[in-house]
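Heads up, the next two complexes both have subunit A, just with different partners, subunit B and then subunit C.
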Partner chain A sequence: MADQLAIGSRRGLKPALPLLLPAYLWLTVAIFLPLSAMVFFSFMTDLPLAGKEWSFTLGNYAVFFSQSLYSTLLFASLRLGLEVTLWCIVIGYPAAYVLAKVLKGRSREAIFLLVILPFWSNGLVRIFSWAMVLREGGILDTALNAVLPFKINIDLMYSYPAVIIGLVHSYVPYMVLTCYLTLQAIDDSLIEAGRSLGASRRQVLWRVIIPLSMPGLIAGAALIFVPVVGSFMEPRILGGRTGTFYGTVIEDQFVAVFNWPLGAALSFILLAVVLIILALAAPVLRRAG
Partner chain B sequence: MAGVQVANVSRSFGAHKALDDVSIDFADGGFYALLGPSGSGKTTLLRQIAGFDFPDAGRIAIGGESVERVPVEKRRIGMVFQNYALFPNMSVADNIAFGLSVRGEPKATIAKEVQRALDLVQLGKLGGRKPHQLSGGQRQRVALARAIVTKPRVLLLDEPLGALDKALRVDMQIELKRIQREIGITTIFVTHDQEEALTMSDRIGILRDGRMVQEGPPEEIYDRPQSEFAATFLGDANIFRGNATGFGIKLPDGTTIAASTGASVPAGAKASCAVRPERIRISTGAAKPDPANANTLTGRVSKRIFAGNNSTYFVDRDGQTLKVIVQNTGAERLAEGEPVVLSWSPDSTVLIAA
Partner chain C sequence: MRMPRLTAFLTATAVFVSAFTFAAQAAEEVHVLNWKGYGADEPWAVADFEKATGFKVVNDFFNSEQEMLTKIRTNPGLYDVVMINAAFNDQAMAGKLIQPIDVSKLSNYADIAKDKAGSPMLNHDGKVYGVPWVWGLTALAINEKSFDKPPASIAEMWDPAHKGRVIIRDDAVEAVQFGAIASGQNINDIKDMDAVKAKLTSLMPQIKTFWSSENDWNQMVASNQIDIGTYWSGSADRAKTHFKLPVSLVIPQEGAVAWLDAFSIPVGSKNVAGAEAFINYMIDPKFYVEWVTKVGAPVSANTKAVDALPEDSFNRKVMGSPDVAKRIQFQAPITDEQREKYLALWQELKVNVK
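Our next item is the complex of A and B:
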């Protein structure tokens, strides 16, 4: 590792530039330009469409601070992101462990496919299938009532748990994949060494395996937390009236209210908050990893 | 500290018998080498003793206590892995402290024991480093310190020196032997390297296809191999095959070879004789035969390999190539193609039942 870095720096960046150029061009066109346009919008009073008058303003940002609704929703979204991330760890990490360290050969491939499957299905299809499962008289309700001797009413539809379920289902493959990769790289002899030194399986898990898989957990958490905080599709469809979050409000500004400047300003506030959270978490996580 | 008894242990993987009725006694405080070709079951045997894997049949006892079904963490063994298996996220000191810390020892005790272990392997000042900042030999020492700091009853090493280069290997052999003497721990050591097995161990067990072929002190196995395999696997040997005469064997061409050590084989049965290359005297036909070297054969030098302090002659005789090793004392050197007389004593000839 250190050797490779040394070689890299000795040769310098220059020979790599032609190779990097397409990537930078793509980044400029696909991300930097639209993003700068959004930054621009966020400081405008109105969209310059149909010859409307507009001027520069900080008002869009001021809205966030003057109305407590937005910060309340932001907190709700951050909490949602945290909860979904935690559930993804709770469900995804053991699955990744079993995939990487317990299963071998064919059965590993089969289970892997099952885990990746949500990736390949359309997001909307996925969410609407959950709607069919979770609603009253839906699949879960009918199935449970067929098995249980007493009558229960399962109607998770349009509730906070439904949003969590939908989001966890969509995002858990990220956690499984990142953790699988780091767990895969942990040599089995490390586990055996731990046990030969008198550590129980649980002690080996907490003292050797989890610390060594920290990079995967962190990468997975970042990949999940950031989009979940801004998510709007799952909250809207599965959460119904309870599903108003920061992301859905931003979406409203763009598709319903057509207040793009406010939508853009709210997006950048979210981006700033998320970056601050990641920056604050980085040193703590680095020490743990 | 304790001895280890392995009795009639078998272990199969599918249809493949990795260990087939293996029995061996490791005495308390001894240094044992398990030697054998690749795939012969050395690692499998070590893993049964460690408790990473359980035998299908047979008994394993450590210090007289039956452990076949005891999981590894309860066996109080120390293990050194071929790739060292140091925890990459922990410092050297934390690696060594691991076994004591999972046991819940007080911090002060741990610090003291870790320092003592570091001193024992002569890495006193490197406790703060991470494993990737160490050389191969230093990692090896850390792995050893980590394995012995918990005061295990047995120390198990699976080709621990395999990844080191020759010079470092010899250093570590001496070092390992010193540490083993110092703490007097029963040590079982898997190796590919016959020289390592010969120089380091009190006793050697030779495995082949999951069976224990022969077990004993190095000198005994070298001087009195009980099978052609043991004779050729541990050191070099010239093998003659024929029928037993009661005093040795008679080769198909009528030549007799006398043997005064080895198995007793009834006359007429198939048997072979093994002779070490350095026990054979090679001379030109003109030299006077020596009565002490009663076994004589004639042949022709086909090749000579000079190796500094000694030379190896390959001598063709009746379709067989014999190997003779001669110390280079400055005496005459034989040329390739020269007819020669080979002679050796029956005392140097081991009779082996076929």
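Our next item is the complex of A and C:
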């Protein structure tokens, strides 16, 4: 590591420039410029289209604080993000453990393929297929009633659980992949050492495996939490009348009422809140990791 | 000095290339912006129009009037024909998004009902900014499987028997105007906003979900998940005629919201002649009769087109009856302040449902 650093500093940034340039050029054009335009919009009274009058204002940010509506929704979205992340851990971590430590060879490849399969299909298609499964008289309802001796009525569609199910399904592969990578890197001899020194299976799990795989868990949780808080497609399609979240309100500002300045301001408030949460969690997470 | 010259050369090349491609496109394409599945994109109509005129039709769609305005604002020069609800014509004209139309080029314009053609919503300073196409209602539609006989009153939406089986459109203005009708008010001059709010608040627990496109509504009926909901008259007709769904339109005794859809030509259109030809084709009786028979449609603004329908057809008999005319209220333009007020109310209702 020290040698590498020495080489890096001796040769300087110049030779590395051709290698960095494509990536940074792309980031500048594709992310930095539109994002700065959005920051600019968020301080404007109106879009400068078709000769409309506009001026700078803080009003768009004030709207968030003047109406309880937005903070209520933001809170609901944060809760949604936490719940989805939690379910992804509950479902994804054991799967990652089995993939990394139990299965070998062909069977591992096959199971791995099943985990990343959802990535290969379009997100909208996945959500609409859930709509077919979850609704009353849908696939789940019909299948269960065909098997069970008594009549049950399953109509999860257009409800909060439907949103959770859809989102967990979309995001669980991230958790499996990040946890798999850290779990696989754990030396088996550490686990064996723990066992031979008298630790129970449970103790090995809590004292050895989970602490060592914490970086993967944290990376997975951050990868899932951030996009879920801002999600709008899944709540809109699966949530029905309960599907109004912070993300859907931002989408409305852009698509439905053409209030880009307010939409941009709401987006940046979300960004700030997410950054604050990650910053507050950082010391705890660093210690854990 | 090398760089600027190179840049200039590259820019010049780019300008030339784009100019050529634009010129090549503009010559024969007519870009149309409309709701999906709303007449202008019928394959038989497009083929017929293309054969008759040699223009090529390129369709693009929107899911709400605001999305439509956003699309014309952010893509100046892309569209040649845009379908605008008359209540939004004012806003589009004030935003310099649409241009005056030379109606002398439209041979079918003379047959348009005088009250529609002369509507102050479409005419500004003696110039025509919108050619009336069809009009219809935002009324109720029912799933025929759930009713022995069609209900007469709007109150049916609040009947506990339909709890969780009611659907309304996710649109602030439509929801508020519907609440106004339910509370016995004039949709264009809502005096008692609290009554509207109370009505809608008590409706929320009845609702299954919100619809935004015809397809949503039709799927809900096809899978027998709803009993009743707000719907557009043309869409209900289409659901029955074209998709063979058990849907029928109900014009409640309390009244219904009427709207007028019109075609406009955006500022910067590259093919005004093609746009005029397309609009003229759209208001032609031949197209209209075929549209009603094959697919189902709202009521044409062209009197000759409506007269060409069979005498007992819904669009002629029911929609044309004086009794219905008395009950319906035509939507007037809405100011930005009103729209924002309606949206705030609608968002509040949706959030409180949680």
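In this text, the second predicted complex is superposed on the first by the 274 of 289 C-alpha atoms of A that agree within 3 Å, B and C clash if a C-alpha of one lies under 4 Å from a C-alpha of the other, contacts with A are read in each partner's own complex, and residues count from 1 in each chain.
The rule is short, and it goes like this: a residue touches a chain if its C-beta (ideal position, glycine included) is under 8 Å from a C-beta of that chain, and two chains touch if they have at least 3 such contacts.
These figures come from a predicted structure and were not determined experimentally.
Superposition of the two structures on subunit A shows subunit C fitting alongside subunit B with no clash.
In the overlay built on the shared chain, the residue A:36 is in contact with neither subunit B nor subunit C. Using the contact criterion defined above for the overlaid structures, shared-chain residue A:142 touches neither subunit B nor subunit C, since it reaches no partner.
When the two structures are aligned on the shared chain, A:28 is found in touch with neither subunit B nor subunit C. Touched residues of subunit A, counted separately for subunit B and subunit C, are more numerous for C. Looking at the shared chain after the overlay, A:66 reaches neither subunit B nor subunit C. Looking at the shared chain after the overlay, A:194 reaches subunit B, while subunit C stays out of its contact range. Of all C-alpha pairs linking subunit B and subunit C after the chain A fit, the shortest spans 44 Å.
On subunit A, the surface touched by subunit B in one complex and the surface touched by subunit C in the other have no residue in common. The part of subunit A that touches subunit B in the complex is made up of residues 1-2, 187, 189-190, 192-200, 203, 207-208, 211-212, 289. Across the complex, subunit A meets subunit C through its residues 47, 49-52, 67, 69, 72-73, 76, 135-138, 157-158, 240-244, 249, 252, 255-258. By the touch criterion stated above, subunit B contacts subunit A in their complex at residues 50, 52, 71-74, 76-79, 81, 83, 85-89, 98-99, 102-103, 132, 146-147, 150. Residues 63-64, 66-67, 69-70, 73-74, 95-97, 204, 207-210, 223-225, 339-340, 343-344, 347-348, 350-351, 353-354 of subunit C touch subunit A in their complex.
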